[in-house]
């Protein structure tokens, strides 16, 4: 069964995103919300790890949380899809189950 | 002025200990309490960084927090001093000021 | 229960994921409280211990000096609640300098095998744990 | 105030250390509330932004869609409270792919220099920041 | 589809409470059913009626209460977590010999079984926390 | 020596509240003076009298209250942080039009200036948090 993994912590502060990416399987999705949206940026010390995950998992980021933090779309890694809260709901419905990396 | 740095988060979960050690100066002290006591263990993926700090800063760990987590003294890095709450108070008094890495 | 709910007569597979050290925060303790209550619902229950969650199972916890209740004996009682699958991640142990010997003995009596006492803790690789996660209906994280 | 308290007529050097991103938790906002109140006490105040704290100063924050108040304009008002020393760590910026251009303009009017408008943000190295910390009487961390 | 939602942190301190509220609203706007919102850990603090947020900030408790009143969303506070943190309804206050209660309208206090039931009955369970 | 102590997290959820209490006791046992314990952020939740911890656990609120009564320790809750989180004394409840209050004996509600004052007056300021 496919899993939508949600991560809400900055990759620079906590190990949640790193641990999450180490436990995904092909066909899973990873949605970055709250302070985890920093994980979707290019040119940071955590970008390579997220970039590497793109070939097997779907990467999503919550637009409202990006905007709150002043992050424009042109700073995101290629291939990351921006969704709103409605899109968040659609993702939860699309994947078979949901796992929060708290 | 000398600083007693207190850290209370696991080095495997958060960047607080790592950031703290990057900001100490010779003659400072670092006291590990709560979940940060795991940072005083030898043979972990964070041991090298703590080991390297020993030459310039005093390293202390709170004994009651070690015991709570089932960690015996023989697991600690050499040169780490175990203190109780009274010793914690003495350390705060000994150093000129205190900084918490939350 | 309706079929549409994915529930019904057949049970769901519940996985409780423990990623946090004990005592520093309450998540480990309150996770255990969920597991104990959940045991009454006769679902297919597994626990995963990854990252700092592996520290929850450390032997010899003694909390008198911090004035906090030692809840570690409860893990050893899980077998009585028919919670018998405690998956511990090998990579998480390795990074923390731990081996199986550092963990408590947690066992259960196997009713399908003449009530023989068997270990509940199963050390698995990160990749095996990802497979276990992928097989669940409900994943609760703490 | 007594001499023994280390206080007395002379002011103390206060450093507020900001290490957390805004909005995900309230620490950035409530830290700012302390700084504003503290400004009335006429101490020697500095702010440090390290680790994820540098994100607090990001330009263009827009919080309408998360339903949370945008408190970032308050940083730009700090000059009016005579809080004029905002130290931002270069290594923290670099690790996050940020430069000074990504941060808000925060300025103050220098009363000792004909009220010329000057930048409050000073980018410093980790080593310089360690020196700044070592020179404080009171360090409050958020 | 039936959604269960778990809220593990208190209002204002962590964005988790806001994210959970925005998500719950979006679930309803998409025409899905919210089976239950379960408040655990510090999440129980969403359900006190004694908060007085600054006038220019959102009122998280009132937002939840409005969801309960307008959409009949079942807002359940875990009793064990609530007792540790001082969230009581009138019955609990009486039973525990306390002289006041603080639960907000639209919330109810019940056991952890309500969380497990949400896991069984809902098609999806989504957790917001720290 | 005069100590100021800052508590930034609520009871039970984070060990910070316990650590701060144990440390404060040790300060007194060593013969030092506690100028003030200041409760900020979720730390304000230490000061509700409505908690009902399980019988086999420590009662953190009562521990603080005992320190205030036996050693005259000044326990100050930040008013701004308390309003967001629903911690009120009788005066505040009346002023805000709330029908109940929940502050515990030995605590008082005051402004952030009390934290700055602790920084100025105390020889050492020690912070416990998350």
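Before moving on, here are some points about what is shown:
Per-chain residue numbering starts at 1, and chain names A, B, C, D, E and F are given in the order in which the chains are listed.
Following the convention adopted for this analysis, a residue touches a chain if its C-beta (ideal position, glycine included) is under 8 Å from a C-beta of that chain, and two chains touch if they have at least 3 such contacts.
Keep in mind it's a predicted model, so treat the numbers as computed, not measured.
Between chain A and chain E, the least number of touching-chain steps is 1. The minimal number of chain-to-chain contact steps leading from chain A to chain F is 2.
For the touching copies chain E and chain F, the fraction of interface residue numbers used by both exceeds half; the interface is of the same-residue type. Centres computed as Cα averages put chain B at a distance of 30 Å from chain C. Annotation: 35 Å between the Cα-based centres of chain D and chain E.
Taking each chain's centre as the average of its CA atoms, chain A and chain B sit 33 Å apart. In chain B, the residues that reach two or more other chains under the touch definition are 8, 12-13, 15, 34-35, 64, 84, 97-98, 100, 102.
Counting partner chains per residue, chain E has residues 12-13, 15, 19, 22, 41, 57, 80, 84, 125, 127, 129-130 touching two or more of them. Residue positions 23-27, 51, 66, 68, 138-139, 141 of chain D each touch two or more of the other chains. Contacting chain pairs (ordered by label): A-B, A-C, A-D, A-E, B-C, B-D, B-F, C-E, C-F, D-E, D-F, E-F.
Across the complex, chain F is touched by residues 10-13, 41-42, 45, 48-54, 57, 61, 80, 83-88, 92-93, 96, 98, 100-102 of chain E. If you check the complex, the residues on chain A that touch chain C are 1-3, 15-16, 19, 22-25, 28, 97-102.
Chain F makes touch with chain C in their complex at residues 12-15, 18-19, 21-22, 56-58, 130. Chain contact summary for the complex, chain F toward chain D: residues 2, 6, 40-41, 80-81, 84, 111-113, 115-117, 119-123, 125, 127, 129.
Listing the residues of chain D that touch chain E in their complex gives 23-26, 66-69.
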